[in-house]
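For reference, the structures are reproduced in the following blocks.
Next come two complexes, and both contain chain A; in the first it sits with chain B, in the second with chain C.
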Partner chain A sequence: MASWSLTQRGLSRGLRLSASMHASYGRRMTSSLPEHLRKALAYSAMYPDLLPEPDLTRRNYVREMLERQDMLSRRRAIDIPEFYVGSYMSITVSDQNAPGKKNTFVGICIYRRNHGLRHQMALRNIVENEGIEMLYDLYSPIILEIKVLRLQKRLDDDLRYLRDALPEYSTVPWDMEPEPHREQGSVPVDETRVIMKPRPWTQRWERKELKGVKEWGLEDRFFKRAVEVSKPWEKYDLMKEYRCMVPLEDQYVVWKEVEEHRKTIEEEHKRSRRRKLLDA
Partner chain B sequence: MSGLLTRLFSSQLQISCSRLAPLAGTQCVQHLQIREKSTKPKRRKVHPFHWWAPKNRADMSEDLLTEKNQVFLQQVAERIYLAPGESPLNEEPWPIGTYQEGSRRTGIIAKKIGVVPMWLKSGKRVLASMLHVCEQNVITYMDPETYARTRFGFRGKGHGCLIVGAESRDPTRFRQEYLDLFKESGVAPKKKLTKFLVTPNAALQPGTPLFAGHFKVGNYVNIYGKTIDRGFLGAKRRWGMKGGRATHGTTKNHNRMGAMGGPRGRILKGKKMGGHDGQERRLLVGVKILRINYKHGVIYVRGPSVMGEIGAFVQIYDALIPEKRPKEDNMPPFPTYFPAETDPLPEDVFDETVHPFDAPSIEFEQEVQVKRKLKVKARAKAAGKR
Partner chain C sequence: MSFFTSQMRSAFSTSSCLLHIQTCTRLRVVDNSKIGKEAMQAGKPPKVIHVYNKKRKADLGDRVLMAIRGEKKKGVVVGAKHKVQEVLRPRFDSNNVVLIDDSGNPLGNRIYVPLPMSLRAKKDQYNKLISIATRFV
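Right after this comes the complex of A and B.
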């Protein structure tokens, strides 16, 4: 019993941990986990959109089931590859006002947000010395193609601080070719650490416990204040953890359907992707 | 008003005077209290009407039931009441009416279960509210004459009334008066009861189950329900007033509404102030049905503004305004949908304007550029230049 609750706690914490934590602390922890828990951990990082919203007052099982059906049928119609925050991507959409009625944007995925059909992802790139961000609905039917140019994670789960970092850290070449990656095994973590621009910033990044920043360019008083306002006890708050996590029993229902989907549809998508590569 | 006053004076006041007179032995003092009816409609009802049958048993602790007793009571309840799937009609079926111009069908009870995005074929993103049609039956039908004689029957304007109940519950939790309401139909006692006005040709036999097949995709419906109860709010949140400044020496004035004085040195009636917000009946008129999942009984209507929180009951019925009434080419089943094994409904139906999720991505067609014909003068000019 004790070991079960321990693993559950470890898992629940693991689910909230960033990709980087997986690399150091998480890998050690996950290796000791049973197979099904390890799978749940991997899938929740891979398909954050398929999990329902954890807010208990707004949950409804019929809604979640129908929403999931819609998401999986959209995934059947278009190849939505595995990607993470920090991956380099290119997205082509139908655009009524673009020449050729198509528009392609290349950039680094800086955050993913919302659950279910509302799931959105943001790409960032520098265009003519100007930072540009595009926010896409992942399940919108105007998306024609999603390509992952470089499959990777970064040290942080949310890269919005790139808005206040030097522009070279969010520049992705427009003519970048998709890089081959191993289909099995862990996803590589890009350990780039950025240099921030001088203040003013959009947020007080020094208070966010970021790992991907090398040079802050700040005086000591900012870090002193960050320590003062930090809440290090929050990571021991079990109720908070419980509230922002979908229970494991509910997750298994989702992952069971996802397993089926991966075996059939995603295999087919992978084969067609390989065929395209060979043809080109 | 004058009539009310005279009645007051003639009855109660004189009595009180006569009662007081022998005690005091002198001239009695008149304490006249006049109650005016508010000009505004009543916003919310705090207590149920006193003539309603009381619903829940207050105290169940004295039942002193053993586990065996409970099982026995369950078995009795199963024998008395019909199971959800069982044929509910305990007498000869009534003749089915036919549609005529101006006929009004019953509505159905549903639960709001969420708001999701959907995409139109033009690529536009719209929000759709999901309404889950509960397990429900017709409880009673009152013809127009009977209904007109009831307390609020005059509002029916010649319509009959159909009482529909949704979501079966354990009968031991209800009082006998409430259970008696379900004797006629024979169905299990329901959690939620509502009233729908119908024309006599749309009358349904007590016990008839209602399904999502009652509606068709592309039609317009009215939705009636209660808004979210937000409790007592300040003027800033209730009416969106600006409040005071955050800084610059402001003290205790951040959330106040500011000046409220009007003309003539008094505050006008209906001034927007803090108070209770929400839990009010609202009607959403003429929303389009974008999609119906007949298998799970879920109706998707356009717009995120269906009232109430997730899990709240709403009533859905055909739109009444002439432009949005069901049309000849897309007429829903009249008086309601009766499931037939030979002709089952499709699982999931989308409106023409909506992009189904399993369809391929939307691609816009290239416009063909048409060369405009030059006018004669311009053509001559262009030719001359060459």
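Right after this comes the complex of A and C.
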């Protein structure tokens, strides 16, 4: 009984928590989990957009089903590869104003947000010494191509602090070629730790418990205040945890459809991607 | 010991700024016009005194009137650090402006930062400005 509840709790945390937390959790716990639960863990990190909203007051099962159909049919139409916050990406959209009616942006993925069809991601890059960010709807019909140039994770789930870090940490070369990566196995974690610019910042980053910052350049009083306002008990709040996760039985419905999709469409996409790499 | 005690801290609240471009906002001149360069080097960037739209908040491509080196000059906003990010609207790290004259021609002949692609939709207004730009995002 005790071991079951432990597994349950560990599982729910793993589903909600970050990719990096998930990785560290995986090392300790995953071996004791049954096969189908282990798969659900991996998929929820891989396809966060396919899971419905965890907020029970906003859920609508029919709408979720219809949206999922739309998402999978969009995934049939174009190749939406697996990516994480911290991956280097290039996105091409059709743009009336651009010469050639196509506009490409290259950058590092700094955050992903929203659920289902409304899933969005933001890319950041430094172009001619100017930091620029672009936000995209993942399932927008005007997106022509999504390429992952380097598949990797970073130490944090939200890299918005790169806005206030030195520019070299958010620079991605514009003419970067996609790097080949092993199809099986774990995703590499880039353990770069950044140096922040002097204040003022866009947010009080010292209060966010970031792992990816090496040098803050702050006086002691900022960290003292951060300790004062921190809420270290929140990680033991089981109800809060429960409210942030989608129940497993609801996830099964999703992953069953995804499994089907992976076997047919995604294999085809992978093959064509490999062919392109070999041709180039 | 911090300057404010905890009691003082609870006496007033501070909120983060909205990052709108409106009257009194300081902008960064990104072209090589003489007056713009001088103002930026002197550490006195131009201050917005009027925004030419109904909302009085400038977005990308809007015209503004600025006070710069004791003169009134017009400019086009070509980069803004919006607090609310919108899909396909680039968010820049600084509020950029290019100085123009009354007919819409730029005062300088080089622009140092990329311009938003949406500016190209206003080709009839800013034809000269678009032709001297080196890069669009």
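Just so it is clear, the second predicted complex is superposed on the first by the 273 of 280 C-alpha atoms of A that agree within 3 Å, B and C clash if a C-alpha of one lies under 4 Å from a C-alpha of the other, contacts with A are read in each partner's own complex, and residues count from 1 in each chain.
Definition applied: a contact is a pair of C-beta atoms (placed from the backbone, for glycine too) under 8 Å apart; a residue touches a chain by one contact, two chains touch by 3 or more.
Just so you know, these numbers come straight off a predicted model, no measurement behind them.
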Superposition on chain A - do chain B and chain C clash or fit: fit
Chain B versus chain C as contact partner of A:K224, first or second or both or neither: second
First (chain B), second (chain C), both or neither touched by A:I195: neither
Partner chain in contact with A:T57 - chain B first, chain C second, else both or neither: first
First (chain B), second (chain C), both or neither touched by A:K101: first
Partner chain(s) touched by A:S73 [first = chain B, second = chain C, both, neither]: first
First (chain B), second (chain C), both or neither touched by A:S140: both
Touching partner for A:R118 - first (chain B), second (chain C), both, neither: first
Angle at the Cα centre of chain A, taken between the Cα centres of chain B and chain C once the superposition is applied, in steps of 10 degrees: 80
Touching partner for A:R163 - first (chain B), second (chain C), both, neither: second
Superposition-derived minimum Cα distance between chain C and chain B (Å): 5
On chain A, the residue positions that both chain B and chain C contact, one per complex: 95-96, 137, 140
Of all residues in chain B, those that touch chain A in their complex: 113-114, 116-117, 119, 123, 125, 130, 132, 293, 296, 298, 309-311, 355, 357-366
Chain C residues touching chain A - in the complex, by the definition given at the top: 1-2, 16, 79, 85-94, 96, 112-114, 117-118, 120-121, 134-137
Parts of chain A lying in touch with chain B, wherever the complex brings them together: 57-60, 62-63, 65-67, 70-71, 73-74, 76-78, 94-96, 100-101, 116-118, 137, 139-144
Touching residues on chain A, where the partner in the complex is chain C: 93, 95-98, 103, 105, 120, 122, 127-137, 140, 163, 203, 221, 224-225
